Amino acid sequence: MKNLTYPVITENLSVHFGGLQAVADVSFTAEEGMIHAIIGPNGAGKTTFFNLISGLLQPSAGRIRLFGQDVSKLPPQQRAALGVGRTFQVVNIFSSLTVFENLLLAAQSQKNMKFVFYRRGASYRFLSIKAREMMDEWGFSEKSDILAQTLSHGDQRQLDLMLALIGEPKLLLLDEPTAGLSRAETATLTEIIRTLSLKTTILMIEHDIEVAFALARRITVLHEGRIFADGSPDEIRMDPRVKEIYLGEEEA
Amino acid sequence: MLLFTLTSGLTLILGVMKTLNLAHGTFFLLGFYTAQWVIRLTNNFFLGAVAGAFGAGIIGMAVQRFLLSRVPADPSPQTLLTVGIIYVFQDIFLMISKGRIWMLPKPHFLAGSIPFGGLTFPTYRIALTAMGCIIFVLLWLFIRKTKWGAILRAGADNPKIAETVGINIPWVWVMVFGLGIFIAGLAGVLAGPIWGAFPGGEWDILVFALIIILLAGMGSLHGAFVMSLVVGMITNIGHALFPEMAMFLLFALVVIVMLVRPRGIFGGIKY
Amino acid sequence: MFHSRKILGRESLVTFAAIGIGILVWVIMPLFLNNYWISVLIETLVYGLFAMGLSVLANYTGFPSLGQAAFFGTGAYTLGISLVRLGQGQGMSVLLSLVAIMMVAVIFGVLVLQTKGIYFLFITLGLAQILWAIAWKWQSVTGGDDGLVGITRPNLGLSWWNLSTASGFYYFILTIFILAFLALLLITKSPLGRTFVGVRESEVRMSCLGYNVWLHSYLAFIISGFFSGLAGILYAWYNLFVAPQQLSMTLSAEGLFMGILGGGTIWGAFLGAVIIVLLKHMASFVTDHWLLIMGAFYIIIIVYVPKGLSFMLQRR
């Protein structure tokens, strides 16, 4: 019997665009405090799946429960309020704002400061401190006044992650976090993710299989919009069919 | 029908290039003035029409090639650029026309009228209607059935990908813009004998075109066709029955459509 | 609490200089200028406010609109109609005008915010044109093409501040302008203002962070409309006459251009307005062909200086 208050439960989730079935009949569960990786060849529907969970896309069938609540009809901002944070395949940051302002903007969403149209001392100070703390933690303090668009690619990815984290999410969706990173950067990021998983449930789309195997406690393989395989890293590693769908992709 | 001729050009540019060419009315007038100049010289309406349409088209192509293409693909600067063009030409037209209203003479073979079913129709107007339909059909065929049309549609859907496939987008844009303007200029010439032209006229005609596109939906050619008919009818009926209310009726219609279907009745970008 | 900026960096110097010039030209000089130049200054303030309002929507939130004249004209016409046709007093007229402006903002906002980019440009244009047509046709109320005459300026009832003199009126407008300017600065630098920029930069990111993007865009729209509408009221008092031009596409386009010219900030929009107003006046001194000059100016700026004067600033 499934614990209905799991961070993520999807039931028969489907979405199609025109004639294309992007995600079909996906029934998925993620348990709390785990790192759960989602892998699969290109076009398998992984990012679409994330879009469905975060609310950027409406399903054509099926349901989604986050922390026990049926969110299938909720818009993204309300899901975020439930504690969902997300990073993106192509970084989604506020380019013409500074790093500091980026974080302020992310932080103020939490504290009911969204509509404040004047600068009030105390709460503003609070936000400011929060942003500074995050920058210190990630080594961004020197870069606080730099425009986001002038950051290096790796830094932008980090900022993308920081934006997701400043709200202290309970569920974190990472979309290909290591894409474009060097070996060293990947290693650092892997450690960071591992630390995060102590407090947060993490769903991770990963193209780098090694990273996925190293970090995840459970792996779900998506293929052509459906769940192809699901299990522990060892099980997936052994599964010959999984190798096949990836090999098929290599040949193509 | 004249309205359609004019509007189709605007729809084309809007739908394919996603550019709001507010100067469309200006090119309408440009066609007129050019044709008039040629007709003065040669006394030949046909030559005038050709000159007007091509003259406008060439200047249109130049505008796209040298000015519009230099501007980032943002709607805001592009539209403002077209406004700048309106001002420039508005002044030039003022100089040329010295504020007077001019009309073009009807071509001989189209003067007179044809009796039909008890009513007489001016031949010229019939010719215009026919012209409008021909243009519609030609455009439609061009876009749907020819290789060039396919290139156009590819460019409209996704310019970046189209470029990687080898389509020279900047030139396509120049051609498309030129074509749209050509049609506008042609409309200007054809309108000459009936409406004439006066400085400031470019704004009036623009308003009509905008209404039609608002009603029809931004990229739809059939929509523009249908709506031009509708608008034309309303204006004519309106003028005959309730002169004051014609414009008002039109705008009331726009309001209703806006409330019910903001994308226009045939809305969305599709051909 | 402001995070630290470099003291006496280039930015601060420019700011100080700008404020200094501002005070000199707009506060001190009018005491010595003749009526013509005072009216030029008034125009910079009125159109400046118009452009600044638009700037919130177009530049900060990223929704360039070709229909801002709808607010300006509504403000101007409602004030005029209330004074001239309804015979109301100034206070009541201002109130009615503000109500009308807000109604337009609330209603148009709902219709218009379903679209973006060029659709948005187009629909805002269309809606403004509807108002224009109403003004043009409803002759009994608006005076149609001939316009609405007979508007009067308010009387503050203060013996030392007489609004019927040119400079008395000028300082009245200036006061309102300064208050509005400060309000706009406050709003754009506040958390709410920052959310507008967020919407412009990445709606997706905003909604995944918990923001209701539509709501924030709507707020931006309404705030923007309010200030541009207020400018319309000031215009009516200044010109004593309102015509459909105040609802025209030309005005909206001009406002948009002023914002772009100035580089996309609030004070930039004001600067843009100043430049355009001055250009218009200078050009008509020199030649009859001021339209040509304006058009050429538009073209040159957009092609060669697309970011406007923002090169003066390091960012935003």
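Each chain gets a letter, A, B and C, in the order it is written, and its residues are counted from 1.
Please note the rule applied: a contact is a pair of C-beta atoms (placed from the backbone, for glycine too) under 8 Å apart; a residue touches a chain by one contact, two chains touch by 3 or more.
Values in this document were obtained by computation on a predicted structure and should not be read as measured data.
**Student:** Using the touch definition from the top, list the chains contacting both chain A and chain C.
**Tutor:** Common neighbours, chain A/chain C: none found.
**Student:** Counting only C-alpha atoms to place each centre, which chain is farthest from chain B?
**Tutor:** Farthest from chain B by mean C-alpha position: A.
**Student:** Starting from the mean Cα coordinates of chain A and chain C, work out the distance between those two points in Å.
**Tutor:** 42
**Student:** For chain B and chain C, what's the span in angstrom between their mean Cα positions?
**Tutor:** Result: the chain centres lie 32 Å from each other.
**Student:** Can you work out the whole-Å distance between the CA centroids of chain A and chain B?
**Tutor:** 49
**Student:** Identify all positions of chain C at which a residue touches two or more other chains, and write them in rising order.
**Tutor:** none
**Student:** Tell me, which parts of chain A touch chain C in their complex?
**Tutor:** For this pair, the touching residues of chain A are 54-56, 75-77, 80-81, 84-86, 88, 92-98, 100-101, 104-106, 108-110, 113-119, 121, 124-125, 127-128, 144-145, 147, 163-164, 167.
**Student:** Where on chain C is chain B touching in the complex?
**Tutor:** 58, 64, 66, 111, 114-115, 117-119, 121-123, 125-127, 129-130, 133-134, 136-137, 249-250, 253, 256-257, 260, 289, 291-292, 294-299, 302-303, 306
**Student:** Show which residues of chain C lie in contact with chain A when the two form their complex.
**Tutor:** The contact residues of chain C facing chain A are 1, 3, 186-187, 189-195, 197-198, 201-202, 204-213, 216, 219, 315-316.
**Student:** Using the touch rule from the top, collect the residues of chain B that touch chain C in their complex.
**Tutor:** That would be residues 14, 18-20, 22, 67, 70-72, 74-77, 79-81, 83-92, 94-95, 203, 206-207, 210-211, 213-214, 218, 244, 247-248, 250-251, 254-255, 258-259, 262-263 of chain B.
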